[in-house]
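In the two complexes that follow, subunit A is the common piece, with subunit B as its partner first and subunit C second.
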Partner chain A sequence: MEKTRRDFIKIAGGAAIGAGTLLSGCREEEEKVVEKRGEIPKEPVKIAAVSFLTGVAAAPFGIPGNNTFEMLSEKINADGGIMGRKIELLSKDEAGGVDAQVKLARKLILDDKVDVILGYISSADCKAVLPLSDELGDLIVAYDCGTQELMEGSHSPFPVPKYELGFRTAATLGLDNIGLALMIKKYFPDIKRIAGINPDYAWGRDSWSIFEESMKKLMPQVEVVGTWWPPLFTTDYTAHISALIGAAPDIVHTAFWGGDAVTFTKQALGLGLFDKMTVAYSRGEPIPQEIGKDFPENQIIGCAGPHYFLYPPQDKWPLNKQFVDEYQKKYGKYPTYPCYHAYQAIYSYKAAVEKAGSLTGGWPTVDEVADAMTGLAIQTPSGNITIRADHNAIEDGLFGFTKLTSKYPFPILDPERIEVFPTFVVNPPVGIRTVDWINSW
Partner chain B sequence: MEWFIYILNGLYYASTIFLISLGLNIILGVMGILNLAHGSLYAIGAFTAAWLITSLAGWNSPDVLSFIILLGGAILAGFVGLLLERTLISPLYNRALEYQLLITFGALLLFEDLIKIVWGGEAYYASKPFDILGKVDLSGNIYPIYFLLVIVIAIVVKLLTWLFLARTRVGIMLRAMSLDIEMATALGLQINRLRTWAFVLGAALAGLAGALVAPTTPVLLGFGMEPLILAFVVVVIGGLGSLKGAFIGSLIVGEIRSFGIVIFPEIELAILYLIAAIILVIKPEGLFGRIKS
Partner chain C sequence: MNLKRFIFNKRSLIYLVVLIFLLIIPFILSPFNLILFESAITFAIVGLGFNLLLRYTGLLSFGHGAYFAAGAYAVAMVGRYVPSIYSIEFLIPIAIIASLVLSAIFGFICVRHTKIFFAILTLALSMLLFALLFKFYSVTGGSDGLYIPTPSIFGVTFKRRPEFLSGPYYYFLLVIFIICYMVMKVIVSSPFGKALQAIRDNETRAELIGIRVKRYRFYAFIISGTFAGIGGSLWTFVNGHVTPDVSHWFFSGEIVYMTLLGGFFIFEGPIIGAFVFTFLKLYAMGFTEYWMGIIGVTLILLVLLLPTGLAGGVVTIFNKLKTRKVLGGT
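Then we have the complex of A and B:
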């Protein structure tokens, strides 16, 4: 096995401790070095949280994510902080594009000297910022972005981890789209025709290609009758909707989010699309709450992992009940998947610091935290996550059908038809590219 | 009967684009100003309408008010147009084109920030007018009545504009200005006042277009960019400074987009620009343009 920088530090650290014990009493200087390892700084631990606070991705993702970071920091601080250190949260805006985000991350690490960055909703921002972790020697944790490319190499098997100090504490869009295909195979085994309408940029293209590959393997008899690629932020989908109705698929795949999902759904309702076909929303979980009771029933919804305010059932999993209650009390809405992703990021960091700290006896170094984070498993409101050797978390995949009840002002996932696909069914093995894994089925 | 719906979709799209390009064309034809901030006036109309509708939602107001209130978008955009013309545009009349482009592009950036300051960075959802009108069954095809309303409004605006330009005194003076500004000046027309009115009219039309679109989609930052580019395509196809050109150009753009998305979904963006390029090669002044190149 190749020795990494962290391994070297471990060995060196171990040797230093060993030497220190041996030489104790002989040389005072050595003893001081060992004692220092046990110290925990008085000042707060600086955590930067980077999410969209302005722009189109703010309302659906950035603000719920940032709300959660703020709420949980307060909670952790009230409970005594991380190893006794309070959290000082620096909430930053992800707006401005890739160049602005690279500059911001450099500033956060070099000038503000943050202990960790938890951030990024946009896959483009993740891809641009994560390499800075190793370059500048600070921990960067991607918390929400979906591209499977982030931690993957160019061919399978690829060496892991891609970044020594870069992590992602959520699963990829592979889970969303493989899960949709599994869902369709289970509930619509006899369909013949599918179509796709996805925003014309990497997110839409990647989502469709994973879905299409999965469908080819799982249901080879199904024909793709059309794919549409409207530009991001299209305000008029009438032509696409009529074209979809004309193409007459049984199921339509879409990775629409935020305003695009709202516009498409509302206009599709107006044109009667849902009377003729079922729409499968890859990360649709927040959309019914955004649209309200008008959101159509019996549509397929993915939850970007197992993230839902009613799953795991609150009476069985108190952590979810507690999280939902606290969030709803504070912000007046039910938490959506970005909230759960934010939870996973900040508590993974906390758990890794505490795990590393319990071994070294003091505040751990960045490398020690990274070491502790690799292989870490923690409990979350959605169940649990495991961060693997590729520094990417894996999760179960939750999918369901919308159903209007008298209890909520928007359709929820029908409890009778909820499907949870286990991690090994919707996440590729370590070191294997998602596409290669699907093709190997 | 699917073709019938495709044509309607094209008409709906053409309607909003027509209102924007009509305003752009009046400003360009009468004043010779290429206004890059025109899309921002559209966005201001949309934000105003969406904001008014969401503000009304708390009150128990009659449904019809949420339609009348859409006019607020046109009025505020017209007012902003008045300020813009008086401050930034009026010093430009005798300057070269590059000054216009620089100043109006600067205004576009300024407006983006102003919108952010006034309405914040979040999206506005105000679908009430769209929702309450409901749907209609057109021989087996379901269609939202609101889209039909927008088409009717665009046709009415087209007729009113035509009447205004052909029959009213101010309209005739505006046409005279656009044909020969020196002669119009020599005949004693109050050029500056007419320019201001033309600009306010153009701005209000852009604002009306934005207000009409607002109930069909969340209104967000950068809302004016796509329509601005499409309005330029319309002006290129239809010809500079021509009411008929804006009308026919919008119809062409709307229908090509609608049918293009059905028949050639992979090149939905390219096909529009391809057609515009072909028209430019064959008829460089546009289909109904008066300005010879």
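Then we have the complex of A and C:
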């Protein structure tokens, strides 16, 4: 009895392997789909938009980003869609961690069969999801996340692009942190002590390392008196703030964003941190509007590129005025940088499809869209962006100091002390790692 | 004679039907569901190992995520630091060694205790591993985790992952699963397996008849941990990414949950549990944001209505029908 069962399993196991090889050969036939040129499908183009819709990062980041996607796809649809196809927007939640996002992206591509995913605020999610673009053969556009590692290789010069079908339509955090160092060199040439408090994952770690490298090059006399790494979405920073006050730096670097930035700032206000030092927020642009009048003056703010509702000046750049007016009318707030990033993502996709479509005469394949997107330059409310051969966009960097005015219920960037660093000063050349570029200065 | 007995044996008939079903699965399921099915197979392997401790040795481990993570991170680390040997035939043995070593170290400490003390110790040690994986950002990628490239199988490479997952990997996985199933079946029906059950039923008596209790428990722990490691390493290729979450006790709790869901009184119970849980979780997640609530309610219902799990429930119904038939006949 025992013997026969084992025999059976042996035979069955052999049969399984044999059948498996045979059957897997047959499958390939099915997957070849013949493409007809010159035809544009009637059904809508499916765009998945993934941002934080729940949790602490939702209100200041995910929801403004998602609002913009909704507003702009309505606008594009009202103007006739993309090559005549209406946009069907699938808004998805970025909450739940890296693992959940990998599963979601896989589901969107394989099950929902979306044409493109525009998404991701968290650098960790970007790093995990972008490889899926080439693996599953669909376009994924990172719209907001910042880690420079996303598109960089392990040593300079690295081959580009890293992902054939993966793009990022915004600049990296290199811009934010090199820009902060340039600001500090210009406005605080005599400081001696700096410190850092950053969230403990890709975004925080990489932000600090770029900032530290830049400071070493630009101001070698400055000493780092401490670094703190609270986990992402920490709710109580009082211990960190006390330690910071104890370490007594002149300037504190932070890459906090979303709910973390708001929580940290409110608790730091309560403990009097801003009386003793200046805080340099690498992507602080949305925070004053989120906190209101209480947000301290004279803090250094980065805008994740040149993204600001007052820059470029609305009388000189009508696209910005139009965008700010439409957004404010619909949602009652001024657009923040995630909104501008969302604009760049959806319009880059539209422009790339139309460019490829005009060449091929029909709805382009993902590979054709990817080709068209490489080297694409479009006008945006913040000026213009160029997507380079490394599939990453480059932008200018806007920085300033907070100042309360009578016109707005929150501090704005002091018009007297606004700095715009040109693209080539804050973005490394194609194929060179940001760190290596800084060290070559 | 042998062949005749083999064909007319009800049990082997069931095996045959299940096997044919498993062989044609890639043609029935959509690519997305096939990937889910594959991850369920890897959990089934973990469940097999887990049940050796729970059902046959009477030890409830709340830290099996740690050995799962050992297997998964072994693959990820090789991918990151030694990409030249990134081929599945090297990766699986490396993962086996990693999880074996880790379960030997942790097991050495844990098997000195039983019941709640054992559960707490396993939980604590797995959280220790979680903290290490989480904090050593430069080595392990911290909370970002590590990316798992598509491996080659016996020299054959694949460009896109669906191509790899849809055919070749599924059958590879199936073969490993069948091997694991048979190995575990042999273990539990061997004298070693019987000794474990004796220890579970009465530790003192087992010791008095000459069974070396702690050593046997230690062996069971290592085997169980290694199965979790095999499952973990196979799972990484399906998932494509690994984060420290797999060593968190939440994840270990999921392993316990699937075993209970399937029914740990039956050998095949954890396997059924792994499949049901994988699909239940995904569809609950797609259905509502509060999917954890659905999982929780299911667990409560399970404990109250089906304490022997799904497999146990089916067997009970089957037995009742059988008794009724017999009664009807008399």
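The working rule: the second predicted complex is superposed on the first by the 401 of 441 C-alpha atoms of A that agree within 3 Å, B and C clash if a C-alpha of one lies under 4 Å from a C-alpha of the other, contacts with A are read in each partner's own complex, and residues count from 1 in each chain.
Rule of thumb we're sticking to: contacts are C-beta pairs under 8 Å (C-beta built on N, C-alpha and C of every residue); 3 or more make two chains touch, one makes a residue touch a chain.
Here the structure is a predicted model, which means the values were calculated and not measured.
Judged by the touch definition given at the top, the superposed model places A:P44 against neither subunit B nor subunit C.
Applying the stated contact rule after C-alpha superposition, one finds that A:T54 touches each of subunit B and subunit C.
By the touch criterion stated above, A:T263 is placed in contact with subunit B alone, subunit C being left untouched.
When both complexes are overlaid on chain A, the residue A:P231 reaches subunit B and subunit C alike. In the superposition on chain A, A:G272 makes contact with subunit B only, not with subunit C. In the superposed pair of complexes, A:D99 makes contact with subunit C only, with no contact to subunit B. Counting the residues of subunit A touched by each of subunit B and subunit C gives the higher count for C. With both structures placed on the common chain, the touch criterion links A:P131 to subunit C but leaves subunit B unconnected.
In the superposition on chain A, A:G81 makes contact with neither subunit B nor subunit C. By the touch criterion defined above, A:Y201 lies against subunit C but remains apart from subunit B after alignment on the C-alpha atoms of chain A.
Overlap of the subunit B and subunit C interfaces on subunit A comprises residues 54, 231. Taken together, the subunit A residues at the contact with subunit B in this complex read 53-56, 58-59, 63, 95, 226-231, 233-236, 238-240, 242-243, 245-246, 258-259, 262-263, 266-267, 270-272, 275, 290, 294.
Within the complex formed with subunit A, the residues of subunit B that make contact are 2, 5-6, 9-10, 12-13, 16, 116, 120-123, 125, 127, 130-131, 135, 141-144, 146-147, 213, 216-218, 220-223, 226, 257-258, 260-262, 265-266, 268-269. Of all residues in subunit C, those touching subunit A in their complex are 2, 5-6, 9, 11-12, 15-16, 19, 22-24, 26-27, 30-32, 35, 137, 142-145, 147, 149-150, 160-162, 166-168, 170-171, 174-175, 178-179, 182, 239-241, 243, 245, 282, 285-286, 289. Across the complex, subunit A meets subunit C through its residues 1, 3-9, 12-13, 16-17, 19-21, 23-25, 27, 54, 93, 97-100, 102-103, 106-107, 110-111, 123-124, 127-128, 131-132, 134-137, 200-202, 205, 231-232.
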